[in-house]
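For reference, the structure discussed in these notes is given below.
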Amino acid sequence: MARSPHRPQRAGRRLSDGRSRAIDSALKRRLEATLGERLYGPVAQRHDTTEIRVAPGDVAAVMRTLHDDPDLRFRLLADICGVDTGTTMQVVYHLWSDTTPDWLRVIAADLDRDDPRVPSITFLWKGAEWGEREAYDMFGIVFEGNRDLRRIYMPPDYTSFPLRKDFLLPDDASRSPGMGVRHMEQARRPADAPAAAPRSAKAG
Amino acid sequence: MTLTRSWSRLTPAGKIVVPLLAIVVALTVALLLGMVTGIVPAITGAVLDTLEANVGIVRFVVAILAVLLFTIPTAFIVGYLELKAIAFMNLRLGPNRVGPWGTLAAAFHGFKILAKEDFTPTGADVPVFTLAPAVVFLAPVLAFLVLPFAPGLFGQDMNIALLYFFAMGGLGVVGLMMAGWSSFNKYSLLGALRAAAQIISYEIPLTLSVVGLILLAGTLSLNQIVLNQQGSFLDWYVWQQPLGFAIFFIAATAEGNRTPFDLTEADSEIVAGFATEYSGMRFGFFYFAEYVNVFLLSALTVVLYFGGWLAPIDIGAVLHQVGLTFDPALDPGSLGLGLLLGILIVPPLAIVALALPFWAFRSGLPFWKALVVGFLLFNVIAAGATLLWAVASFEVVEGLLWFMAKTYVFVAILVWMRATLPRVRIDQLMGFAWKWLLPAALVNLFVTALALIVIDAVKG
Amino acid sequence: MDFKTLVPGIGILKGMALTMRRMFQAKVTVQYPEVVQDISPRHRGRLQLLYDEYGTLKCETCFQCAAACPIECIDMGGVDTKSRFHVHWGPAEQYAERREESALRRSGRPVPDRTFDPFAAIDTAALDRILAEEDYDPRRMLTILERTQDAYGSLTVAALKHISHGTGAWYAEIYGTASFYDHLRLEEASGHVFAICRCPACTFRGAGRVVAALEAALSTRFGQASPEGAVRLEPGDCHGASPERALVTLDGEVVHDVAPDAVARMASQLRAAHATAGRA
Amino acid sequence: MSTTPQARVRSLDDPELYVETPATIFDAIPPYPPRTEREAEFYSVREGEMLINLGPQHPSTHGVLRVVLKIDGERVVDLDPVLGYLHRGVEKICENSDWHMVVSHCDPLEYIASMFSELVPVMAAEKLLDVEVPRRAEYIRVLACELNRISSHALFMGWLALDLGGLTPILYGFIERDEIVEMLAALTGQKLLFNYMRIGGVNGDLNHEFMSRLGDWMGHAAQRIEDSQTLINENEIFVKRTRGLGVIDRETALRMCLSGPPLRATGIPYDVRRAHPYGVYPELEFEIPTREEGDSYARYQLHLDEIKQSIHIIDQVLHKLPDGPVMAKLPRLLRPRPGRAFAAIESPRGQYAVYAMSDGTDQPFRLRIHDPSYFNLQSVGLLTPGHLIADTMAIMASLDPIMGGVDK
């Protein structure tokens, strides 16, 4: 990633809460032990967060192990959200467990932009239902297994997904060219609207 | 042509005064002609005879008019009391801009509502929608007819006054149902059904708790009940019917939709209950009815349990013992010409006498301002004096004062409860009425009957 | 259901006691008009332009505030000290511009549904001369617009924008003025032009009925073109010559038969001809 | 009776939508075909049931929330919250504004506790920039946040009583809040949206007016709040209406992603200040009050204990306040290195978090705002069926949603 051209920051200490915190390497080892082959990339650790990447297919299995494994015990879902990185879609889960001081960030990476599909985790956390509904409403990510996947903020006849990077706000918001995945959202697709190039593809 | 031109030049006020003047002139001319030709005395004579013939109807009509006129200021006073008392309990000042200490606030609310547009929602059943407020307002007003305000002062002394009273309470429910059902709104429907359920299920403990009292008093006529409680405050029925009074008071708050039980107009749940679709004067009627109901129920509590217009202690006797005899038989007529002189001379002298100290000690005050202050003071003293004189000389005035004092104590308690208590849920409300108030009322009735039999046996 | 929770026991009475006690305590209401509550010196609620002791405005339009405003709500403009040129900062008038373009699109006229590409540019030399002569004065907007229309044939978006930048008036207002007057055209005058004088003299002679007939025939309003752009309806001017009949000119030369149905027939023939020509 | 026949899908442009439709045919059933089986099952009304709209303009929904109730008489059979009436697309706006503007845009989200809704994006930006905030600024942040928490809790108790019909507690709540908010106005300059937090510190140092007001407020704070709550604490009617209402056990609480007082009312001591310490909270000594019953009354009592804890925290902060600058030295134009940061704090309603992604430019690439009320509001749909309409008010009030944060 190109280093952004700006004056070097004053070298502040690692963490903003006044004392540097030992990165929880034990957690990294436990994760690699239990998940091993399912990890999509290296376990990255920065500040107080441990980050693992997972293929969209086995999100359910990974979440099940994280939730049930006795020495991981990630009982609490801190956050679930969708991200559009310009080239691919991602679903980011943040989990908390009393076994480790870090947040665990699970990224379901490389979802296809035209048909983003991820298995839903409402079987573990029923509270994730609205989080998934918002991700669908804003990005069009379909969560298979979510009993009630419909728009939560936008009016029902809205045909596009506002937080996608290729979303543009034409005069009549409900006719934006963004493709919908549900039959209703394909009803209107003005032919001649040009698809603007995504703004920047740097944040991988 | 000249008439229309001059008419258009008239100011709006002129347009009102001129026709009135014309009518008055025409009437006086007709009267004079009538007097001369003897038609008018004949007509008046006939009218007076018919009135003498059936004095009962005339009294009833006059009583209804008096009661109707009496309820309007009562609603304003109770309204103001509620606004001010709840404000003071909330650590805030409440209305203080309209009139001295905000006393005209409730009145101005009434007149403001008059000016508002009363809107009928589409889909509403219009005749029932417009009639509902009238029915709701009439129920408490008609119930006033039987209240004994003072020894001679009551609308109609029915011997079944108490039965008539509860009948009018039932009429109120009909009005609420009409309002809720006809305004084509789910919230008002819910409010109306709640009103029906609540008032009907609280009517029973209300009547049952009073039956105990009827056993003691032996009559249904409110006037007689008050007379039975003669003597000092120990002879009031509240001491003989404490449980009956408690049940009566709780059921009365439920009957008047007051706070712990104000489910029909529960703001936080069903917007404004049956009155959701109402606006303008129609909504004003509901408000009026609620405040008149508050006064009515406190008045009934006072009449039944706290000796209506009877004084707690017989002040005359106490004063007599102390030696302060006060001969009320001061007949102003005996002064003859002196009275006329007194009225002409005494007030100006008194005003100047009262103004002097202000003018002398308050250097900054110009004399005419001191006079104004003196005039105000004189008015206050004069009013006080006449009031005292009236109380001393007329039984009615004293009784009325005691009645009003006690009633407003209970109105204050109802307002106090409104400021403090949260709302009860509909099923708790029902459970409380059927599982607690009703058995308590039956127990009270049973105990009173038992006591009566025992006393008769002992005395007999 | 144990007895204590139902019968109004201690809790309710304690609550009632508290309200009665609070009834006689000091109240917190601040009687606003009489008693004004003190505002802390660090209060940031006052949005006002400050004047120094000589009465001159302390702001010299440095736009720091407008630039730093997080929600971009500050819209300010100023004239330099020698009041030569007008400086303007504020959120780009996308709202006004976007609303115009969308207004054009909604009016049914064929306007290309472009979203971002800028409007067709024009050669602004003539326009600058006009603006200089009119002294960049927004109050002479009508004359500027008329002279621009004579110079460029019609008032294109680029021209209106340039006028807006030059005179400092809002684009929305200039667009409003342009679209208000019938003799100002917003797009190229193509095809035939019916010009009808509507002075009182001609109106008495029946110009009103002619205009109505033409509006029906061309299914458009006075001052605009028929939907397919074949025939335009323009205001003419007989300069008070009060001829025996209303002055109606077709592409410049006078039309003699001024009966409303005759003129309407002529207009529809022209539209038919245009349609056939279009097809061929 | 199956669902009513659906009209064809109509876009907003459809002129027919703007034709004046007589009131008689308006119904809570939406004019489009049901999109999921849950919606189809909800909008199919069986015998004796009725759909009624609670909101979006209703006296007791805290803000613009619409809840479609399916009621059978007074009993609520099912309920479907409809959101979006207050949705301004704050996340999209933040993607087009630079990091300073993000703080101001996040201010009005949880507007009752706006100190917290400013602190979170600031902390996220500081993590991305790896900047070290001076300790005095950290202490002032804790002081301001705890004061704001007390004012928000005082209001909560007033609203809960108002939704149950009491007229006076809401006024006492506002008196408490006004006193605190005027104190914060002396410090920050504003009364509702303080705009006091800056990336790298706080806007201004403590001044004398603030310290003097804080001094005499601390004197009688706990006693007065305790005093004005006697109106509700043991009030039989209030207890009867909230005890045993909307009970959540530990397992469902975790499954429903609850956080804050509703979660701690079920006995789980999860408080971000202890679970994932930030700022100077590790150095402060306070404990996390919890209850076991998990019903509305327990949620109400928790707020009272938390106020006491906050006062205890403020006391410690005032004693340990170090000297030094209140703002770190930062360049005017902030361009954090590409990366991700997740910052969470304990707001009065639960765990308030921001997940910020930066792509090296001065504008955030993605700013996800996790609002506690959004996830707490979900459990209304779980708790209310079976109760009465009056109970929906009590349950919603005890979960204390703030629609600004829910609708973002």
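Details
Here the chain labels run A, B, C and D in written order, and each chain numbers its own residues starting at 1.
FYI, a residue touches a chain if its C-beta (ideal position, glycine included) is under 8 Å from a C-beta of that chain, and two chains touch if they have at least 3 such contacts.
Keep in mind the model is a prediction, meaning the values are calculated, not measured.
Shared contacts of subunit B and subunit D, meaning chains that touch the two of them, come down to C. Of all chain pairs, the one joined by the greatest number of contacting C-beta pairs is A-D. Farthest from subunit C in terms of Cα centroid separation is B. For the pair subunit A and subunit C, the distance between C-alpha centroids works out to 44 Å.
Separation between the centroids of subunit B and subunit C, computed from CA atoms only, is 62 Å.
Here the CA centre of subunit A is 69 Å from the CA centre of subunit B. In subunit B, 89-92, 419-421 are the positions where the chain touches two or more neighbouring chains simultaneously.
Touching of two or more other chains is recorded for residues 6, 12, 15, 18-19, 22, 28 of subunit C. The residues of subunit A lying in touch with subunit D in their complex are 1-4, 6-7, 9-10, 12-18, 46-49, 51, 75-79, 81, 83-85, 92, 94, 96, 98, 101, 103, 105, 124-131, 134, 138, 147-157, 162-163, 172, 174-175, 182, 184, 187-188, 200, 202-203. Subunit D meets subunit C in the complex at residues 97, 100-101, 103-105, 168, 175, 178, 182, 185-191, 195, 204, 207, 209, 227-228, 230-240. The touching residues of subunit D, when paired with subunit A in their complex, are 9-13, 30, 32-33, 35-39, 83-84, 87, 89, 91-92, 95, 123, 126-127, 129-133, 135, 138, 252, 254-259, 270, 275-280, 282, 328-329, 331, 333, 335, 337-342, 344, 351, 353, 355, 357-361, 365-366, 368, 370, 374-375, 377-379, 382, 407-408.
Partner subunit B is touched in their complex by these residues of subunit D: 22-24, 50, 52, 58-60, 74, 161-168, 171-172, 175, 231-232, 235, 237-238, 240-241, 388-391, 393.
On the side of subunit C, the complex with subunit B involves touching residues 1, 6-7, 12, 15-16, 18-20, 22-29, 31.
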